[in-house]
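Each of the next two complexes has chain A plus one more chain, namely chain B in the first and chain C in the second.
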Partner chain A sequence: MLRRRGTRNTGHEEQSELETTYYADAEGPNLTETLQSENETDEIYDATQTFGGPYSFFGRNCSYIAIAILCRVAAVLLFHNFLISQPEWTSPLVSIKNLRDGVILERESLTSAAGNLIRMLPSVIFFFNKVIDVSSFPLLIIFHIFFDIVTAYLLSKAAFKIQGDSTVAQIVAKCFLLNPLAIGSCACLNLTTFHNALLATVVYFFAQGSAMLSSFFLGLATVSQMFPVTLIASIWIQFSDWKQIIKSIIGFTAGVSLYLGINYVLSGNTWGFASNIYGFMVNYEDLKPNCGLFWYFYSQVFEHFRTFYEYVFLANSFLYVLPLTLALRSDPVLHLTLSLLLLVTLSPYPTLGDAAIYMALLPLQQRHFKSLRYSLLIACTITTCVCLMPIMWHMWVVSGSGNANFYFAVTLIYNVAQLYILLDLLMAYFRAEVTEVIPEEITEGTNFVLH
Partner chain B sequence: MTGSGRLPILEKILNKAPHIALIAYVGAIYWAFTIFRPEMCEHTRISEHALMGGVVNEKFDQEGVYAEVLHGLQNKKDKREFLLDRLTNYGVYAYEQRWKTTVGVLNASGVNVWGTTRGFRGPSAESILLIVNQNDAQATALLVALAGYFRSQLHWSRDIFFLLSDGGVLGVEAFLNAFHLTSSKSLAFDALQERGDYLLATLSFKTNVGQKSNEMELYLNQLNGALPNLDYVNTIVRISGLGRFRMPTVLYDLRDSNKGQDIPWWIIPARALFTQAFVSVEDLHSLSAKYGTSGVMLGLPLKTQSSVRKSAKLIEATVRSLNNMLERFHQSFFIYVLADEDNFVSIAFFMPILGGVIAPLLIFAYREWVYSIEALEIPSIIWVVHSIGILTWTASSHFFGDEQALVPGDETPWIILLGTLLIPLALFWKVPPTAISSLRFVLLLEAALAFGLVSLVNFGLALLTALPSVPLLILFTRPQNDRPRYRQGFRLMFSFLTHPLALYIFWNVYVSPMLMMEGLDAANLQLFDVVYPIKKIVSSNLLVGCNLFPLLTVVAIPIWNLLVSLSLPVDSIGSGS
Partner chain C sequence: MFWKILLLTLFGGILASNEESYVEELLISRLPSDHHLAQFRFIITSRSLELGPNYELFPRVLGQLLQAHGIQELEYIATQGVWHSDHYGPPPQPASSTGAFLSAKFDGPSNTVDDRWLSVVNSLNGAFCASLLSMVPAETYKQKNERKGDYPKAKKLFSRAGTLPREALCTENLTPWRKLLPCKQNGLISLLNPHKLYGSLFHSMGFHIHPECKDNSCWYRLELSAIVLFDVPISENRRLDWSLKSFFDRPISGVCNAATRSTVLVHQHEEQADSDKPADVITINGQQFAVYPTEQILGEKTEGNIFVRYTKSVDLHKKNPPRALSISSTLGGKDTFSGLLLTTIKNNENEKHTVVYEQVLPWWVRFHYHTKQVLCHDSKQEIVKPYVANRVFSGAIDRKRPAYIQMEIELPANSKCIVSYNFERAFLRMAEYPPDANHGLYIPAATITLMKRISTGLPEDSRCTERLGNSSECEPRAKQMVFSNVLLVPMPVPDFSMPFNVICLVGTAVSLCFGAVHPFSTRILVPINEKLPGQSIWRTIFRGILLVLMAGACYMEYNNISLNALRREIEKLLSFQF
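For the complex of A and B:
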């Protein structure tokens, strides 16, 4: 329960607005202790900046890479058929089945982008038609594992650049390489691995300090999935002077233009693919269940309200950019992590594998870990939900002993748990901020502060 | 709020964890003994009113055909040809379907005879399937007589399929696979010459085991814990109880105390849970749920002419009820426990039992998290034992699935598999002392999660395995600081005895007789008694997709290994606390 303690104008230049501070008792470590430990963590954090040393991804993680490859190969061989039959692991935008259909249509000289069957970019179809044979199972496995390793490499390098600590970088690599969601996603052989690699590239250049390149790859990711455009806010926080912002705008525009142009040419100089993919995302045409929140709503909504809610849901996807940017303007890494989380939660066709990216970046927030209140609950909830999804699907669709509510309940709780990660991290961040601004307000009895 | 920042209630739970865990466990058992009493259960009801069970006037009068077919089956050499001829003669489109197994565990083949009569009242989008075993001459004769009779009636709005299965359950599996246009790794079979649409329900029947002229045995357990819709069960029970039938329903081959037999009230629900848990294939009806269809099996009295007529009319009434349905079965329960044929317990009442039983696991896991774990360090043994479990499952499936792998009569591969399952891998893998608390925490949570997940699909399996496992898990995850050496050794030895197969033997020797079931004789236990269940669950996994084998290898055996790991004496290879 929250208890209002008072208001205070701090006079701090970053906190110039009137701030309302709430104190409350809640589950979690004592705030004073936490703050002490946070200060200690900060000292360690600072020390690692000095003693980080060079970091070799392959040198430090070779055993984990080997295990990750083994896990992925085993998962593909044993569970591929099962996983691609599960709706939470795949979507029309990334499905290997759709990709194969698209390639076959392309080979038969039927433009896949023109119809409403294939929801993939012409460049992707072209790539899997001409470069990688989509019908070659071993080649696909190698391709997906390669992209997963690349993703882990980029995230790990980015983590090292941000924290200067090879241990944290190693944890980030482990968190991605050994994450069951990433392994399962790779076993599905769908395009999530490719999208994750693209986002990891954005994160990499973001950490490397290249506004132009991170924005360029963000442009590519935006053309691929549309909703990653929200990550531009993180880039603008990270590179906040006008020169850099202009560079990022140029980079983003170049990325979008280039990739759209390639797709335009490959689709026979038509924009048919745009409505086929982006219209499909915005209008939410496919009601097949997934681990997101949209499908159930749209299957229930009256048809005459549908257009209204399409606007509402679209706005909802972009709504949080501004408040999040204002709140986290001094911590671009946290902003980026939470934006990636929101991207997964609020996108129309998410898959479980999408979450692997932001989960791998969570160790970068280790200084807030001691302040998290629901970490056990959230971890258990997400694990339980991921295990429950195939069971609820079985009960609903296979055995008929359940119904759509069973499956939706689990996906809803899964997403709520993800949002609780966001809330918990925000809370921890605000508490740390308050400590810097008004440390005298923190007493022994204070457990958390809503700032 | 407390100084530690936890809610007071959580603090109290942590402080009095053993007491609260005990109360939850005992309370759950008490709750079970309360809600499964027939007088405390809900009375069965039919939610889908369109079924109108028993409202129609049954007109079956083809006992002559029954007698003729039965005579033919007893005397004709080529019975299949005879059946096809009879069915065709009665106007039913009749065909054969050949099938054979393609796995090493069983070399079997058969030829199903099946027929269909189409719905007359419009293009049907749904079908009803009647099934008998060809080996049961009386049931087969009745099905042929019914097929001919149904063909002559005009009130069908659904297609009716008749299956005379050769080879029992596998014949049904071949037919259902072909009907649903699915493929099977374990069976090769002919495609069907005609097709039907969605199967509303399957109704199997056989000559009753009891051989009593006025009893109807009702079998309803399906593969992997599935049950038929309760409306379907209730409809049959209502019809059989009507004055013109007066056929009391017998569940799980037990006559309850209300019918003059001296059987404790808890036997039927206990047998219901047991059958759901461990009898993966009860009879011909058991595979229907695999295809999203409700299926039951009736054991009917087929000895006298009057009982044959009653039985035939009972089936006619049931099929006509199914024919009346407006929608597919969905209104009533799919997850329930029958206390007797007129009373049931719904999921809302029996799920708290499992909640109470696994609550100690969650409480102790939380306590471990709060008091013992400074940094969660997941030991590699967890990944190792589970990986080996997955490897055992897949390698066994691959090996025993190979048609050429097994030599008839050679038990060696089975003994090797048994040995693999019995090896305590924990002895060969060191757990760092700093990871012991994390191991306890993960083990308790994993067990709780496994029981919870399984309960949604197979409540009986989850409950019956959780009941003995939870006290053992709590016992073996207690820290063993400063205990005498001999007690640590005793604990380790006892942990070996908690192997799932040891529990299986314990169950069969001591618990089965309590449930009035055939068990094992403790004095004459042989290797076969242990190998047999392994063979059975591997075979049913490969042939029909029963999930007991993967659950054993991927969940139960790894949990046992982790338990052994935690029982190793201090300073031993495993470590202590």
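For the complex of A and C:
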């Protein structure tokens, strides 16, 4: 069950136009809008009942799935070696090379002496040791493609649940399946596909209305990546009564403790992996360039300020939970999307593939698209930056004709572009909100000022 | 009073001769590659395992160091140059790779070992004017080799070792080393002329302390060694004839009275024609050595110098077949980020050899364990997988310890084995780069320890020459170790002039994020239908001025007018007006 503030449906002309297109596209017999009133003053409608109908992911998207699989197979066969040598596509936490090291060390029972060679959870290493053989290339390809399709399926289903519109659901699926970032990430055979699938599960149960399950999977995602913990705020906005929040806390705690427990047992009843993974993230030990904001910062910052900035930026990555929750309390989906975006931008070791998941959720904000100011600029900037990254890397490290600043500039602009998506969506959202409240004040030449 | 002093000195002298002992010897030999090798050995034994408080011959510096830190074994060697073992034969022991090597074995509580090790490194760093400090903690590893000395009882010892691939050796290091000896001016030490020493092809100096036991009594044995390899002289007559003066540029001066034995041993080469008459000729392991006591060399006839002449002049075009085992390392890879480390071990012997391969990789070499590969090309040039056993591995911890790899490899006869790893370089913090960052950093040399010795024909252990009788057989105790070259690894470097810019830019990006979220959560969006102050006439004028300035700048750029020229023009204009 999805709750919305009723104000959104009424008022603005274009908004209602958009709604009508929804009606036209939606399948299924039940097109009547049932308005329910609860104790709260807001009007609430049930999206599932309104637009609900059969949406077959595989039936609708089979050609795109085929293309996506073809693209991924081609990419992995042609570009795998190139992509894994590129720093922006991999990080020590997800790289296939480190995974192979971990598995080999596990097989030779040298894990305890490995120092900080392994940056993976013991359960992941166990999985790739016992279940899927990491040395078998075809099996790995199948595994990663499978997880990508699962991600697309879950996101698309979630989108359908949220918007009740199979067109949007299809666009979401396409956005993930055909996103070059997702394809590249799959071609690297990174663990990113696995992480993306976990986050997609969170989004799926979030849309399905299961606070418990979505928090449970969020718990798993938190153990594997730490920073997704901020998404719990989105779940609490979505399911804002106490019963649901308690359920969500139970689910989250269960997820975290279960997954941590499994890892604890698999690593031979030690917490060694925790410092190797979470300590590694917090202390920013590896200064290998990536597509994030901070690698060059930490290699340049003066030693006596290092600890200060480590804490500042750690706090910064959790800082936006509260203000965003307050500002977007009436739109949990936008909150979730923006939290995912911030997760990618502010995490210490992001890869390009991480961005695919929030990019796939952007079509859900379709109603804001016409009031976005920088959409073309952002799209071009991100495309340019992603293309420039390997070139700048080559100039710096391979040919020596450039220096580190070149690569840094591209990664910085890439992140600024991502932050502009956040800025633009926020602006569009508040504009729409104002328009809904006082539609009579808004004309063509109206300016909006923050006061 | 006089009698008292005399008695005391006599008494002290008797004690010393009974208890502590000092032996010095110099062994000069001609290698198969026609190079001459001079090995100095100075051996001091202590009275018992309890050192001090009175030190007669045993150096007080080291004695106090051992006592204060609970050290059982201590070894320090500093080497310059590369020993090409397929050319020269197996290296003389004790040996180390180019640079410095320090290892210690501690007893006592395990939790203080690291602190004690730091303190030892600190002390030796000061005592030898070396740059050992950079060894702690990032270059320190735990050696898995067995202990070298005898121990009265089975003690649990904790080993720490460190290698510095880049350690320049100079007189400032030689002087403190020389000061450890009882005789600093007289005896064989007078031959160690820094000019000749540091001009040689290969030289190493160091010391090794370990306990030694015999018949229920134990003592420390301190062996100071210096090894010099002289190049083949390409003079007109191409003769290899030598004298102590030609090697060291000075004769022996004076006798060291503290030494119970002070001798020069000369290996009798088959081409040797003529030499000073030795006091004795002894046979060790089937090889003949002429013995010259220092007193004899200082005699009137020789005046501190001895000579050897050979029958033939040297044939510079003679090609010796490669000998023994050799190891060398090379670096692969086409960029400054990822790379390939190749270590080639050649077995030139006609029998198979089992060697222990050891490699210490600093933490900034993030090697990929799954790419580790050992392959051999046997005598028929076919690729075979050698038998590898007893693998020891400890991974690196960033800025705390290096990675340590050890394995036993069975090298087939006449084979070439290649151990390879893929690695990525870590990106360092700006303060961690050396002052000449673009020069790169050094990886310590790989080592192989031979399980079965390859005979060099020389008495490699000082114990072999101790009795100086016709002791026919002597098996040295120390394991034979062969070292590869150290590797210079170019590192990817950041722009060192950027810290402020980077801090500002990243700060701006983060504040952009904060600036997007914060106002939206604390303020409300208000629609305004009047003209905004931003659209007032003054702002338009201001923008106009900016536009004119920009146009002016473009014009200047187009016409190559510099800012200074413009300033001068304006000044001229102003001064003209006033």
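Just so it is clear, the second predicted complex is superposed on the first by the 389 of 451 C-alpha atoms of A that agree within 3 Å, B and C clash if a C-alpha of one lies under 4 Å from a C-alpha of the other, contacts with A are read in each partner's own complex, and residues count from 1 in each chain.
Basically, a contact is a pair of C-beta atoms (placed from the backbone, for glycine too) under 8 Å apart; a residue touches a chain by one contact, two chains touch by 3 or more.
The structure presented is a predicted model; accordingly, all values stated were derived computationally and were not measured.
J.: Could you look at A:V172 and tell me whether it touches chain B, chain C, both or neither (first, second, both, neither)?
T.: It touches nothing on chain B or chain C.
J.: Thinking of the overlay built on chain A, is A:A152 touched by chain B (first), by chain C (second), by both, or by neither?
T.: A:A152 contacts neither chain B nor chain C.
J.: In the superposed arrangement, which partner chain does A:L376 touch: chain B (first), chain C (second), both, or neither?
T.: In the superposed model, A:L376 contacts chain B only, not chain C.
J.: After the superposition on A, what does A:F313 contact: first (chain B), second (chain C), both or neither?
T.: Second partner only, chain C.
J.: Return first, second, both or neither, reflecting whether A:L78 touches chain B, chain C, both chains, or no partner chain.
T.: Touch status of A:L78: first partner only.
J.: Which partner does A:C387 reach: the first (chain B), the second (chain C), both, or neither?
T.: first
J.: Spot which of chain B and chain C makes contact with more residues of chain A, would you?
T.: Touching more of chain A: C.
J.: Pick one for A:L334: touches chain B only (first), chain C only (second), both, or neither.
T.: Neither partner.
J.: Just to be sure I read the superposition right, which of the two partners does A:V398 touch: chain B = first, chain C = second, or both, or neither?
T.: both
J.: Overlap the chain B and chain C contact sets on chain A and report the shared residues.
T.: 397-398, 400, 403, 447.
J.: Sort out for me which residues of chain C touch chain A in the complex.
T.: Touch residues, chain C against chain A: 334-338, 366, 368-370, 391, 393-398, 401, 403, 424, 426-431, 492-495, 498-499, 502-503, 505-506, 509-510, 512-514, 516-529, 532.
J.: Of all residues in chain A, which touch chain C in the complex?
T.: Counting only chain A, the residues touching chain C are 85, 87, 97-98, 100-101, 103-105, 108, 110, 113-118, 285-289, 293-303, 306, 313, 316, 319-320, 323-324, 326-327, 342, 345-346, 396-398, 400, 403-405, 408, 412, 415-416, 419, 422-423, 426-427, 430-431, 433-434, 438, 441-443, 445-451.
J.: Once bound in the complex, which stretches of chain B touch chain A?
T.: For this pair, the touching residues of chain B are 1, 3-7, 10, 226-227, 289-290, 292-294, 328-330, 334-335, 366, 369, 390, 394, 445, 449, 452-453, 456-457.
J.: Per the contact definition, I'd like the list of chain A residues that touch chain B in the complex.
T.: So the residues of chain A in touch with chain B come to 25-30, 74, 78, 376, 380, 383-384, 387-388, 391-392, 394-395, 397-403, 447.
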